[in-house]
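Below, chain A partners chain B and then partners chain C, in two separate complexes.
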Partner chain A sequence: MSVLPSFEHLRPADLHEALDAISFDDPVYAGGTELLLAMRSGLLRPSSLIDIKRIPELDRIGQEDDDVVIGGTVSHAAATADPVVLSAAPVLPKVLAHVGNPRVRAFGTLGGNLCFAEPKSDVATILISLSADVELASKNGRRRLPVEDFIIGPYTTARNEGEILVSILIPPTADPMVYEKFQTMERPTVGVAARLLEDGSLRVVVGAVGGAPEPFDFSSVHEVNSGHIADRVEVIPDLTGSERYKRHVTRVVLGRTLAQLEGLA
Partner chain B sequence: MSVGNSVPSVDARVKTTGEARYALDAAVPGMLFADIVRSTRAHATILDIDPSEALTTPGVSAVITAADLDGLFPRFGHIIADHPILAIDRVRYYGEPVALVLADNRYAAADAADLVRVRYADLPVVIEPEEALAAEAPLLHDEDYSLGDRSFSEAQSARPATNVAHEAMLQWGDVESALEGAHVVVETTTRYPMLYAYAMEPYNAIASYDEGELDVISTAQHPFQVREDLARIFSLPLNGVRVRSPLLGGGYGSKSYTKVEPLAAVGAWISGRPVKVALDVEGAIHTTRADSALIWVRSGFDDKGTIVAREFDITLNTGAYADNGTLVLTKCVHRCFGPYNIPNLRASGRAVYTNTVPSSSYRGFGAPQGNLAGEVNMDQAAERLGIDAAELRRRNLVGPGERHIPGKRAMDADLRADLEMVVKGLGWGGRPTANHGIGFGCSASDAGAFPVSTAQVRLFADGSALVLTGSTEMGQGSRTVLGQIAATELGISVDRIRVKQSDTSLTPYERTTGASRTTTLTGLAVQRACRDALAKLVEMGAEVLDRDVEEVKTAEGDVVAGPDSRASYEEVVQAWFGGRQGEVTGVGIVRRAGELAELPPFWEIGMVGVDVEVDPQTGVVTVHHLVTVGDVGYAINPAMVEGQDLGAATQGLGAALSEELIYDGPQLVNPNMVEYRVPRMGDMPARIDTFIAERGDGVGPFGAKGGGEGSLNPVGGAVASAIARATGRWPTRLPLNSSAVWELLNPPDEA
Partner chain C sequence: MNPVGVVTQVNGREIARSVPARMTLVEFLRDELGLTGTKVSCELQVCGVCTVLVDRKPVSSCAFLAVDIDGREVTTIEGVASDGKLHPIQQAFIDHFALQCGFCTPGFVMMAVALLEEVPQPTPEQVVSYLEGNICRCTGYRSILEAVLDAADRLERASP
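Let's turn to the complex of A and B:
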């Protein structure tokens, strides 16, 4: 399929209208950097796209209670440039500045990235390490759950039919954090986030190499064993390498990440 | 003088501003848009095609299948006409066109294409040549399609009742006895990947069929070759088919010969309306790719490192249809062993039909595949012999004026001098650094193709001139370079010249735009056309100035018959015809005669080297330094020579490090530009030296000879050998992406 199949383009004015319009066959359009590719290749044939990009409340970055709130339609580029995000989670702009390519960063959104759940992604991995939550709205109300529970597997999330991701909530942190990825193609082969928490414990999240990011928790830096993580993490062989190779580079990237973290701590 | 200067490309402004008109921009009033229904099986009998649902889509006017082509010759192919326009009873690869949907717009056509129901009965599938050559393999072709144009190829036709599409062999001397007496015999096997010659503009064509005339605008590199296929399909005389190639968005050989033109043409023939076929990259990948190769080499040397014999066995995966595979095989056989003095040689090869996308030309035509095999073998021999790799080549390279293939043109280049430019440029012989390696390689291609080229120059009454040629501008800069040649010959400034190209009805015959031939052969035709025009102008000038012809000559845009007898071109034309009118037409012809009687017209040299670093932890290869030598005899436009060399070498780096089309079962897993990775700006070496060697030893205008492909050919071998020197392990296949390098360093049996 060289061209997009025909579909209706609906542009609801507010969240209420949007929630009325969406269904399995009428998905949310929040940037299209993944969705339109899937449609172009004939994998998806929605009857309409519910364009939520002009709903004002979804396109904002702010603070709510203690959390930084990134609206569901905020682009990677906008989040990268935002001072609130920078001060609350300095690691995040560094990661977002290297997502995809300039076109993807200009149009793609963090919310869309999470909802599509492309396994070869940086966004979910770093958000899990930040202990971020997502807030989902439906006609029945709202619910909030950790990104870690939201991403279930490749292209699969806990989002129910009729729900829209309205925001990502990040608790501000000054913890030393490092994100390191290894990438030879358009998408990362493996991405590793490491965070040294205040109590001295350590959280490592390994993404892109398997079906979904996997967190590993350790009581202290001395407990970490890169080889152990690399042996246990789920690995899916593909064009970037065999399982053996991908486990190996996971170990290498883990080593590089932890060495950097040591430098920060 | 215009030649010898880096005149800016005449297309630079329109290309950078987006005003340039490519084939894809062409539109004809009333045209229909086509979409292609492609096979979802690699090998199957077509039981039934049901277009009824597709025909109900609003805006759809026709669904065309092979059954609708009654009265036409239903196949094409310039050497072997084995390629059905639309699959006839059987599909031979996943993605083969089965039906053509015509609609008012491309969206309706695409929607309807999804609704055409095709029922298949699967046949056994062969993807690798090894499978296709097995005794029980299904036969892909059982007809004899041969058309008998032997000028294309020294290959033999298909072996009956096998999947061998063509065979080629070159031999002399007694290889067996020479190898028996050799001091060292080195045996190696290499695999070259299946590639896609990515061009920014995918294949497209628009065809109109009116009053018995077929008019096609397309992305054809060789419009005159496409004209012949179309004339055969529709039983039209050559003057009944017009093929035009506007600016092409890249070609690299992938647009040589016929591709989507017959689809657009049969659409127009059936619908009575103009039809546009425009593919995306995925469609283009499912149209043509480049041959993958498995090549076995055995070379024998005496104790001083002199070659005593070389033997090559080549197997190419040529895909479902022949396209230009015959020529690729022949060229591979002629190019694999390198420009060395080889007293005993046997190079034999076969191109094998498989259930994969048909393969065809790609920059280098069999040379990159063969050169990897031959040059990596030379480097391993150097190691075994304990002789420096550059020195081993110095001892064996063919000298200027010597013949390395009996019956072919003597070497028109100083290869040893070129080699010194590469090894000095790279700092070869310095102290090795950990994880760093230098590699380089030499190649000489029998380039230029069969020399047939014609050109016209029209000198107008205002002193401006038009150059007409059937050679296609596809980004390589021929429009600029041919203009420079004409400016210099005519003695007028380059901005008074325009070059018009590739319209089979209006521009004179050109065999092909390929084989690096344009500057040399089309350039000669243009040079001769200019001289013909000036000779006529001299005769006219003699009449106008009232002098004997012998007294008259041309100089700097004037006709001169002595110190006080002089007239400008425009004055001569105007005075001779009377009034402000008239023009002079010069004709230039190049054929296989005189200086061009010997083939090839010239040897295209490739001399390239790289300095790489390998990250042993991840296998990532970084190319720090690239050196190319453009041995072009005389650089008519030095900046364009360097641009060609850098482009060619970059495509070579793609094949060496990242590019590969991969079949998993019957279909390609990466027919797109996300998963088929061509080099990006960030992959470019930090240091690039593009040297030019000018020794005036070419047969072309001003001593020029062709470039543009040469600097691709040795890159694969150079990178492989550099990685071997960095890691101590010899690779046997490309691409050497990070996982391949790591697997090379950490084979499973050593884990």
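Let's turn to the complex of A and C:
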């Protein structure tokens, strides 16, 4: 068995204490499902870990103004089972129910998924399609930005040192939406979200094949061309496939997604 | 590095220890408590052999800190049988020959316990999808599926 490098462990009682403790060398963690693996493989060597999953205000789901608010440490399983999430964004529980395996879903969080920004994510893709925002807190205050701007590239976000993701905000929608993914291993090779907006326009978000989810907008369903998207989207070849293979799979999954969307509309 | 105090219940037994922050749950169970029924393999949360329950939820104990069980309840394979009698899931695994070398079995049984608590009468598709993250290298998946479905029936018959 390999051993984790040593570190101090902190368990702040509230967000204020957590914001005092966080720094580049002293990251926060919730489920630890990504962080502990990165530490074991020697990629990260923090001097302390700050446990934020026992901070009550981060672990709740509610409604604020018009948005559904998912706290920064809410697990995939908790969000999947929540009636507020189901009624405001019915597509989300369907996607979360197929993230990783039941152990990852029981303790892994949506916040941790976004902050780690592993490109092979379903969560970022579907949240961008839902036009969700994240709220970040630091000692200097709070700011809110779209998930689309938060995820910058592989393992890179707009989060500054000293910031904690406190919530994910989703505007409720009844728009027809479909998410389809293809995967042969633990994580998706490609994930595609398609949403038919009220004005008849269409937004397609392609995730997991490139460094960050990529949105494509069309004025109507008739404008979409799967082959065109599959040719243009950024693709990074890796152990899950060559560029040619991934473009092919992207085109196939796009076709399935759009066919399903037509059935809904 | 400062050790951290942990007060917990493991298989119903109160336990208080001081542990290094970097100690994983599986190291705590095997090395501190001598509960060697829980096995370790991939250390990536993809094989499922190290599955235990924390507050009745399944977790990969190889990638979970021991300090995080403070104030929580842990159930391992040693805590599944009661009064010297195998749990219906364990008995169904034996009756269906759902194990060959046995290395993956504790993980499969713990996952089945978690599944049947959440969904008492799952469809075959639900069982397969729930156990997708567990690997059996002897590839006895069909008999494992049959055992879990049969255990669900046995549990239903046994409940008043």
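Convention: the second predicted complex is superposed on the first by the 264 of 265 C-alpha atoms of A that agree within 3 Å, B and C clash if a C-alpha of one lies under 4 Å from a C-alpha of the other, contacts with A are read in each partner's own complex, and residues count from 1 in each chain.
Keep this in mind: contacts are C-beta pairs under 8 Å (C-beta built on N, C-alpha and C of every residue); 3 or more make two chains touch, one makes a residue touch a chain.
Computed from a prediction, not measured in an experiment: that's the story for all the values here.
For A:G42, is the partner it touches chain B (first), chain C (second), both, or none of the two (neither)?
After superposition on chain A, A:G42 lies in contact with chain B alone.
Taking the superposition on A as described, I'd like to know which of chain B and chain C A:S6 touches: first, second, both or neither.
Touch partners of A:S6: chain B and chain C.
When the two structures are overlaid on chain A, which partner does A:T73 contact: first (chain B), second (chain C), both, or neither?
Once the two structures are laid over each other on A, A:T73 reaches no partner at all.
According to the stated criteria, A:E186 is in contact with first (chain B), second (chain C), both, or neither; which is it?
Touch partners of A:E186: chain B and chain C.
Considering only touches as defined above, state whether A:T109 meets chain B (first), chain C (second), both or neither.
Neither chain B nor chain C is touched by A:T109.
With the two structures laid over each other on chain A, which partner does A:T240 touch: chain B (first), chain C (second), both, or neither?
The first partner, chain B, only.
Quick one: is A:T125 in contact with chain B, with chain C, with both, or with neither? Answer first, second, both or neither.
neither
For chain A, give the residues common to its interface with chain B and its interface with chain C.
On chain A, the residues that contact chain B in one structure and chain C in the other are 1-6, 186.
Flag every residue of chain C that touches chain A in the complex, lowest number first.
1-2, 4, 20-22, 24, 26-27, 40, 43-46, 48, 51, 54, 57-60, 62-65, 67-68, 111, 114-115, 130, 132-134
In the complex formed with chain C, which residues of chain A make contact?
1-9, 32-33, 36-37, 40, 49, 51, 53, 77, 100-104, 106-107, 186
Where on chain B does chain A make contact in their complex?
Residues of chain B touching chain A: 35, 106-107, 110-111, 114, 278-280, 282-283, 617-620, 658, 662, 669-670, 674-675, 677, 737-739, 742-743, 746, 748, 751.
Chain B touches which residues of chain A in the complex?
1-6, 42, 182, 184-187, 239-242, 244-245, 248-249, 252
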